[in-house]
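Please find the structures below.
Okay, so chain A shows up in both of these, paired with chain B first and chain C after.
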Partner chain A sequence: MYYECIPTTCTYCGCGCSVVLQVLDGHLVGVLPGKTNPVNEGSLCIKGWTSHEFVYREKRLKNPLVKKDGVFFETGWEEALDTVAGKLKKIKEESGADSIAALASAKCTNEENYLMQKLMRAAIGTNNIDHCARL
Partner chain B sequence: MFGSGAMTNSIAELEDSKCIFIIGSNTSEAHPLIANRILRAKAKGAKIIVADPRKIHIAFYADIHVRQNLGTDVALLNGIMNIIISKGWQAREYIEARTENYAVLQESVANYPPEKVSEITGVSVQDLNAIAEAYAKAPSASIVYAMGITQHTTGVDNVKSLANLAMLCGRVGAESCGVNPLRGQNNGQGACDMGALPNVYSGYQRVDDEEVGKKFDAAWGAQLSRKPGLTLMDMMHAIEEGQVRALYIMGENPVVSDPNRAHVESVLKKVEFLVVQDIFMTETAQYAQVILPGVSFAEKDGTFTNTERRVQRVRKAIEPVGNARPDWQIICSLSDMIGYPMNYNEAGEIQDEIKSVTPSYGGITYARLDGDGLQWPCPTSEHPGTKFLHKERFTRGRGLFSAIAFKPPAEASDNEFPLMLTTGRNFVHYHTGTLTRQSRSLDDEQKEGYAEINPLDAHKYGISKRDRIKVVSRRGAIEIKPEITGRVPEGILFIPFHFAEAAANALTIDALDPVAKIPEYKVCAVRIEKVA
Partner chain C sequence: MEALKNKVNELLESGGIAGFLGLRNFGSEPFPFLFTRDTAAEVEKITTGAVRYPLSKILIRIAAVYPDAIFGIMCRACDERAIIELFKNTKLRSDKVITIGISCTDDLVQACKCENPQPSNLVSGEAGKKEFDRSDVQKIASMTLEQRFDFWTEQLGKCIKCYGCRNICPVCFCDVCTLEDQPLVKRGEIPPELPSFHLTRAYHMAGRCVDCGLCEEACPVDIPLRTLYRRVRESVKELLDYLPGEERDKVPPIQVLGDGLFEIRD
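The block that comes next holds the complex of A and B.
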């Protein structure tokens, strides 16, 4: 048995409580509150204490999906990314960069939000990027 | 106002505040660990003021709880300032030394005498006086707010009014004071800081500023557009008009979070190419042509920025589930294939780039984040981070007072729709329920949606707790279980927005704040019927 504790930050609200993920043989088994963090000082709310529970739910998406005739089919990464990149390039050529828009996420990391706006601004060429802080 | 969009002070400082004014925040349900600090402050003798139409949990600990009519916050705040000025409790030296435009504020709040405000808000003159005195006279005083302030057609006016009140009493730039918005999502602050907004790059650097544009042109090796892009709401309209043909959504579920569900569904059906990147098959993903499986917080490295501007590490604990991939790697692959290569071997290299183009994050590296993280602004590698903002001067120089007139909400009750609806969160669930409803413990606590209804209204409509009711607005209708409770005042219903099958957003109105484009989730007119 190999047991690890990984310090990280809770995924729910904006408090930003420190949590410790308990990993047994590579499997996430539980959550503990970070003790020294100035935000939560060793406490967690009911959502924080259970924040590992959704991770392995059977409904997790495990492969890219492409819709054909209204039905989703599992596919490989190459095909899925090819479809997306090809379609975005085609739409940009036909209708210009401003005909493409993206929503980044208040759930994703800073690095991911940074890259998403960079993708839209530098790779596509539009400032049509927003997220749901308003919602 | 002050020139920065974030909590001015830190969470820990709340504990030593002597007066905490909570308005439009259901703190103990939505931000429990911040509510903890407020309760500790109370134990240390702080006065707690809650202004909320509902008798929310934290209101039971309040010294003063007022239940203003929905959408009357500007009138309430102007009334409080009117009293402060007429009693001479304002911070004269602070106003003189650090602010501008005071005469304009003085003139505008003169139009809000307590009696008139009492009539608009339903709050007694006695309570208005008590709030004014408690807030103005305490040695330190903090304002705490959340979406109850911002999700209105007057959202910006509401925030400006809070800024007016805080500056009037010299409460900005001081320990255990400030204006403190509580972000609803783990990284709502970070998404804004990183430039996931149509008008700014990371660090709120404007895309239409030529100097800024040149800097990013050089840093990214591209010719960047100087024209601000579309906000979420404008994207929806542009899709309807055929101007936007492709939409890429990462980690969001607008079908359940957008104010007008029927409208957003018709838009997602219409858009030619929809890509959704998420960890579950959401209501929104159903409309996609391609779905890309991202990973949860446990499966990737990165950082989140909390509501007090604290940048903290997210660390990979387990391998991705199935063939899912970290979201940042998906974006890199896509960018490569579009013809703009992104070469990052690990998430820390992205932070190194963020640091080089974002002054407020200029001193932040992964190595420095071990431990308690760092609060921005943190401009250099020696800078210790910033506990509270605007200490010596405001980001914009002087704090700017503005004259704000009260405007009623977009929709009022009438004969056809005699009740008012407001929305919010429940203590076990989070946002559209994508995560929490997949958690067995949380799902067991609260399995389905409900509508809080006052006992007097329940009696009037002949509704008992075993009935189901139909709630109808001009946008749509849902069937839902009633919860008969004095938590809501007579004439008002409350529905939490986590439950897609009894979606509050089938009812809410998509009227927007003209500046911030935030929808008015907190007020709309409805009627109810008992389901036979």
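The block that comes next holds the complex of A and C.
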């Protein structure tokens, strides 16, 4: 018998609302809004209130997928990253760096988003970097 | 706080309870936690905090997994009122729950406009003074019908349908919620249909709402939901002589209406 609440930050958007994960016997069973956090002051939107639901979903992506002949196949990170890097290189050589663009994510941390723009600007050589929240 | 710690330790050590649901300081902030004999060392970090989490609602979830266990629960007066209604609605069993009363700070009582901040079985702190502040309900009552309609249309129109009022409510416990009934409530549409969405919830609060105000606290757009439910609560008192959460032994009206025992007059 074990129940605890673990405070963390909602992953849905960039607001950074405090959510409290309710864990019962090692199983995530629900969320509550963080009452003491100045960002959301005890409130959540509907996404925050349901932000735990994807965790045990069958459809959740657990491994990288690579598309071969129009069909996705599960694979390891090595192959997935090699595929992406190889294709990006090829596109850059054939069509130039500005033919590549990236959309960063609100579900990532500041630091990860920083690295994404670094990758686009320094490694790829384009300013085509934007954010999913502006879609 | 020492009295509370001692009481919890005593209950856990004697085997009187399998677990005690209260607030624990996690870092410097209070969050709900179930203290058990295995985690007795954590009792040092127990706190009454200045915040309110829906502990009674959390207990429903835990008790559903451990139906035979006896639990202690830290109770403000509002928690206790909710628990009384949950007993009556068979969501918790009165022989399986021991309430340990804690007091609220004067600031909290004032912020909550709490009419009865005095739990029974008070172990920690002194019972707060009652606040009889009906100014919110009176203000609306003094409006003309047209003003009132405009007021509520504006307020309810802010709704982003987060379902926070329902999710945090200690006496919202249905397995199937009519507010998610697809033919009645269109998915992906905000605000929801006015005023039926909010009035449906208000009707469902009749005979159940214990006036804790957690709904209003959780509302991201500051709809004065509590004012609405307070009026419903007053109607139930006027018409059916029932105040949810106040009387342990009184049968709730929903269980007797229809037998001809009550007659509702204008």
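What we mean here is this: the second predicted complex is superposed on the first by the 104 of 135 C-alpha atoms of A that agree within 3 Å, B and C clash if a C-alpha of one lies under 4 Å from a C-alpha of the other, contacts with A are read in each partner's own complex, and residues count from 1 in each chain.
What we mean here is this: a contact is a pair of C-beta atoms (placed from the backbone, for glycine too) under 8 Å apart; a residue touches a chain by one contact, two chains touch by 3 or more.
Computed from a prediction, not measured in an experiment: that's the story for all the values here.
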Discussion item. Let me test your reading of the model: by the given contact rule, A:55 touches which partner, first (chain B), second (chain C), both or neither?
Written reply: first
Worksheet item: Which chain, chain B or chain C, is in touch with more residues of chain A?
Response: B
Item to complete: Check whether A:30 is in contact with chain B, with chain C, with both or with neither, and answer first, second, both or neither.
Response: second
Practice prompt. In the overlay, answer first, second, both or neither for which of chain B and chain C A:1 touches.
Written response: second
Worksheet item: Can A:46 be said to touch chain B (first), chain C (second), both, or neither?
Response: both
Discussion item. Just to be sure I read the superposition right, which of the two partners does A:101 touch: chain B = first, chain C = second, or both, or neither?
Written reply: first
Worksheet item: On chain A, what residues does chain B touch that chain C touches as well?
Response: 4, 6-7, 36, 40, 43-46, 49
Worksheet item: Where on chain A is chain C touching in the complex?
Response: 1-7, 20, 22, 24-25, 29-30, 32-36, 40, 42-46, 48-49
Worksheet, complete the sentence: Residue set of chain C touching chain A in the complex reads 18-19, 21, 24, 26-27, 29-34, 36, 38-39, 51-54, 58, 61-62, 65-66, 69, 160-164, 167-168, 217-220
Worksheet item: In their shared complex, at which residues does chain A touch chain B?
Response: 4, 6-18, 21, 23, 26-28, 36-40, 43-47, 49-57, 59-67, 72, 77, 80-85, 87-89, 91, 95, 97-135
